[in-house]
């Protein structure tokens, strides 16, 4: 089912080159600097539940597509916020999924699932209404075996390092457990302080309280709040973190005066802030986080431009991350100017920017990354983590920024068994892109060989400052 | 002149697949859910006038291009608003057209015309200055024959259903005539209430009066106005309408309070409204029309983002639709949120959105359509109803929304004899797109076979709720 | 090293056609209507300094990329504004360049440099750390020879006309010298009045004084200021200018009332204007310059949308044009309406618009150029003067505007020895684009043959009104 030349252009000259380039990197270990795998899974190493709970229920890429075609989320077993009844039989859920599997034709989810089914579970047919239960049984049989436990899969997938995404107030208990377990897999936390910064959120006060409890700081003053965040970063660094992660709606950055930030902070404590206050506060906090990154060396990742929970009916019934986050146009040139002017020339600062607005690749992001030493472009993200999305990313950024101002691939996934499929797809797309350059005599094949190793492996390690993580023998030539 | 492999990629593997996929759908009937053919033409079935009046004078795609290269519209016989003199000799007009035919190289108009010339009129040479009169004579000879009357062409073109676009105040007299004529061709009206909603327009008062006359409602109150529109929709439904059509400048949607709408409505009656009032009123009316669509099942089509009559000199001399409508950047994510939050989850609601801003395909429209059950993406529209435009549309939307959240093709044309050319081009482009997916092993050819039938035929019938229109024998497998 | 099929698609059918089309135009003379070569170079015809001063130090495309990867500009010999110390040894600079030459893989700079090295200097290897000094020596040996003087290269490059870019207050002394020298090379000035229009700039008062001195007009009144500009245009025309050039941040155009412009102008004289005043004043001046173009026939070039000197640290240390100009989203439809309404239908007006916002090609610029007779689209500009940039330009504009509403190629360069490489790349990309149309049977090869000659040579002469410049024998068929 998985064709060895998949995703390569049909032209035989280009395809031959793509094959050779791909074969150079197909067996390299996977570096996963940004993702949403639950560290408990690797700390506790339980057997995975049934196929539906593993593959369908947690994956909003999957259930949003079924929802768009009229399948209620309840029928797919998505838990309700109010605990109300939803489908509980994984076989029924799986059958709905199979009945609609044709919706994923031509989508990256379709590609990943095919890969995952065949490569991880040995399924050699396309899922459909008729074979749904057989394939369910086949996957279920796998999951029952010890070699399908998370840690064994981690090793089988050749994951060199896996970074999780963790709230600033997370105790990193699972990470501690992992370290102490003696298991050699490298799993590192990432510092994500979004909840501490969202002053409009009803849970902000609770976050401050948690922060205070964890750090002993008085988080009811702005300075105490900053000090608490700095202490948490130090703890995350101790626990191996290489990066921070910041999800924001607007890319606005800019310093507030000390009076302004005290004013907004105090009003926020009293629940009296406007949306504009929130944008300005977030813009100021990005400046503070950049300063902290200069000081402590954590790589600063920012991904703006998603209007979260666009559909309140779904948010109220099922909560966040249910496929209802919709991108908006995003401005980088003016918005990043304050931050880059202050820190963008600093040799110790490293910032990785993602976008959901592809019109900014060539207009704003590649020119910025092709100038400021601190800036790297994150890979094609979310809806663009796809064959065509990655291809556009390379064609739209390489001419202006080259490949060395890009951050390498990350899978950004919560779907653990899809990790190899995602990296494989990315390596194939990059090989196919480079094969085009070689076939048109823009670069030599030898040069492309160095480029594909950078794109598949070296740039991500360099960007995320992972030089200290031992290179496995096979990659260290 | 018409190459059997036209518009297919030069790669032989892909081309072979494209040919096979295309051949599966090339003979399927044409479903035309959205267009601007005058129903009188089919009701009265006259012979077409001369070639220039048939092909050049009504087609702004053609004369805008000549105008851009310095040919005055008067020389092309475009009638002046003031009835002033314009070129009246169709042979002189045709000669101007022929003299500039090279301007259409690489444009969809060039492709459609070649197809139309050869396939409809048997012309086997490219039009140029020298052969202009010969080709004129050849087309003129055709037009004189009974088999070139509109109804015969309709049948020859294998049109299964043709929807026209009709003002809310249209009596649909031609549609009634058509129904009563006994001719079996299916021609249906579409409800377009734009003129009734444009409160800034000098003709608005007249529209209200017409509405009142037709419905017996007091259209000088907002409630009476709504009731009149509802009654007209009911009449259009009786006459077979499947859809409404809404052309707006901004995509803004949002409810006005009952006080606000009464206030704006009353000031509009007195001619005292601002542009901002108009945007808010239109935004409210889109909410009302969505509600009505939920109630009566008419599919709601919205196409925003054209700045109409950009060139006032042309508008004053020649009126609207003269090639001077220029697109503007359009925002969907925030603007559609009020409407989609209220109706987007409703199983009875169906909305089809078009765009002239291609940057929104991947950023906003595909993510929205890949989530909200009510939303379908209309096909590549207007300037993008073209080989490259459709190709970009598929590459930019399929990975996120799949093909099943798209609405199938429509030709949107007032150029009746170009209808087969437009559908043929669309089917070829889709076949070529799918052939790329097959050749890169993203989908299997068997899957692509199902996809091309959906894209060419099934999706448009399903989207526009035409299940009741009998499937011809050859398509009903 | 330079493959004869470089930049052509790998498909053999398409490649064959591309070769044939390219061979039709590869030897045509180079028309350079827009660039930044210093006319003194051709007036004085000195030997070029060393390789680093010729190739690295003046080229911000090169040093911005090295800067983005952490190489300080001081190390590359970029002169400091304060005259402070920077690297002075050209061999050291060249070695830094060579050490980072891999950064240019897949960039147009990489393509141009390869071409320039081989074709101009006979270097047949890719520059790297090891061969840096050998290649330095080889280029240095060339530069020492008389046949590498600017005028000889100009002739060898087959430059038919080269337009420079000159401040409105430039005396055009070098142009006068050139004329009087008896050398037959055609080098013409271009009128660029930006500094006279930038009322916020600290140097504006100085510009007014210069203008007054050169023209004898009282530039402290708006009318005197206009009269002075008109007189300078007349002088530039006498000196052979064909065009004006306007770099603006916003594309806003619009008339100020005579009271408003006097008010802003007077406040500007007192240094009391806001950013909004400046935008409105620039918008008004664009209207004035358009009027002057109607009157004097100079082609009006406008390139908006670059946020200049984004990085103040670099600007303060090294000045302008140091690779820190970053594009912003640009609006054309509404902003150009006032100007095009007033002048866009005028047969004597010609305007060439450039963009750094590719999302406007298909949405705004092609529809505008496909309608207004005065408007031509400038070629893919700056970051988009590249293989992929030009390719996107053609695919995004041709279907709506055709090729005859485009302005032909210009190299826009200050890197004199890269001129042939840039024209060659453009001709190859256009040939490859047309070959795609031919291979898909969208245009006939014979039609494409006419199109490539227009794109490579005829359109630029026609757009910039160079019909009076003698066609060389070989091109005048």
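What to note about this one:
Should a chain be cited, it is by its letter among A, B and C, assigned in written order, with residues numbered from 1 in that chain.
Simple rule for what comes next: a residue touches a chain if its C-beta (ideal position, glycine included) is under 8 Å from a C-beta of that chain, and two chains touch if they have at least 3 such contacts.
The structure displayed is predicted, hence computed values, not measured ones.
Put simply, chain B has to spin 120° for its C-alpha atoms to lie on chain C, with the angle rounded to a multiple of 5. Counting the residue numbers used at the interface between chain A and chain C, under half appear in both copies, so the two copies meet with largely different residues. We define each chain's centre as the mean of its Cα atoms; on that basis chain A and chain C are separated by 40 Å.
Among all residues of chain B, those that touch two or more other chains are 11, 329, 359.
On chain B, the positions that touch chain A within their shared complex are 11, 13-14, 329, 331, 333-334, 337, 340-341, 344-345, 347, 359, 362-364, 366-373, 375, 395-396, 398-405, 436-437, 439-444, 447, 450-451. Residues 3, 5-11, 64-65, 67-70, 102-108, 110-111, 126, 307, 310-314, 323-329, 356-359, 383-384, 386-389 of chain B are the ones touching chain C in the complex.
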